[in-house]
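The structure under discussion is supplied below as structure tokens; questions concerning it will follow.
Order of writing sets the labels: A, B, C and D. Residues in every chain begin at 1.
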């Protein structure tokens, strides 16, 4: 993993402030559990309300937390005045999303001036065991603040 | 678009039954508004509870409905005894998810014995205008029923 | 498909000129067979030199022509002074790449100021029949000319 | 990275034999430089014949070698009687493909009975320095030998 040098020393405060404005994260009771330069972790407790037909977490909800982990990992390295926008991502589902809680990990692979590329993983915590259930590759864009993204 | 010949004439009932078991769709108040051979549409009303930091729909929720539209489009063409599983997808976000309601459209591009490839689109309905806000390409797997997916 | 209004009326000349500089296209004997606003087609004859272990066209070569069809489709809509850069793409392989020639079709889905999203298809022409063998979704970036891309 | 237990102890011979049948690899003068359980490396020397308009390696050729690195990484873990088939992949281009040679690295993330998920990277070697220029996430399918893939 590359060694990053964030231009804004207050990146963690900026990430927390944007995350707190995401109503979906409140609705899901998702929490930021790690904010480092180029790496962010999001934790989500299981709830039947977010499940698919087999009572496992729905792919869209897994995607929501790992998209955020990647987007905010990219955001840690952006200038203080920028905003962050998801351009696209691809996700593979490796195992059923079965567990009491889920941890999404987003890491920056390459931080560019306009575009940042991240890799994400989702771990399911089931009876004290952690299992990799999804892997993401995503592209994130830095915007000037006037556009008011993230 | 190819002309499909579903092996199970009761595919619509099968799709409705699986969709009804997805607790997330109830939580979101999402509805199936079209079920045809190789094509399924899902409608979602806007709600502040599902938003990101700019009060637009969160990428994960957009993804949830178009993943379902694609997965169930694939499911219409599978044998009656099969189950359906999302292998992976890629989604591009084209415009902010702003509107009163959102329509996700999933269409089968190629139906194979094991794997089906779909394309999905999400339209935002804002003040009577429809706008394409996201486009997906996804791979879906047919499973034998014992595995109890979808 | 959207109705495009290219800012540079000489887009076809610009596409031809860049394509002619791609040594790989000469090596493969690939040709531009259509250049319209937001849509470009590339044709490739079969040659054993570009095959995988079953004597079908290699996935990388299929990818090369449809990446070009998409990239140049995006380039038709960019300002005369810009250059074009592939950010990322995703491709699904639907059937074996078997045939005498192959046609890659790239179409713009959304043209933005910085990023353009395209869909691509590859058809195999085998004994007078056309078959869809691959489908791509790609993101392309417009650069200022100083950077000297495409 | 997971600890793999290949069912076929002669996986390296099987990989070498399939790679040798790929005419494209001969044409490009690409070589297998590492074959381990769940991990394969492919090396490619620079040649003007494979370049795009800026004399850098074309995206399709980068893709060809990393698609192979991933496909053969998956193949190391498949049963002796199986064949391997690329289902789909997504690749991000991080930096221009500039250098004297290129090394593609494919690693298995999850090996399933039918589907295997891999991550790939391409390094450019330029004046004694290595630089990450592309990252891939791919899905590979194991087929019964009768179908005669790879």
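Some notes on this structure:
Note that contacts are C-beta pairs under 8 Å (C-beta built on N, C-alpha and C of every residue); 3 or more make two chains touch, one makes a residue touch a chain.
Worth saying up front: this structure is predicted, and the values here are computed from it rather than measured.
If you compare C-D with B-D, the chain pair joined by more contacting C-beta pairs is C-D.
Where chain A touches chain C, the two copies mostly use the same residue numbers: shared numbers make up over half of all numbers in play. Centre to centre, using the average C-alpha position, chain A and chain D are separated by 28 Å.
The centroid of the Cα atoms in chain B and the matching centroid in chain D are 32 Å apart.
Chain C and chain D have centres, each the mean of its CA atoms, that are 23 Å apart. Residues of chain D found to touch two or more other chains are 87-88, 90, 92, 117, 139.
Within the complex formed with chain B, the chain A residues making contact are 18-19, 21-24, 27, 48-55, 58-61, 63-65, 67-68, 85-93, 148-150. Across the complex, chain C is touched by residues 87-88, 90, 114-115, 117, 139, 141 of chain A. For chain B in complex with chain C, the residues that touch the partner chain are 90, 92, 94-95, 109-110, 117, 119, 132, 135-137, 139.
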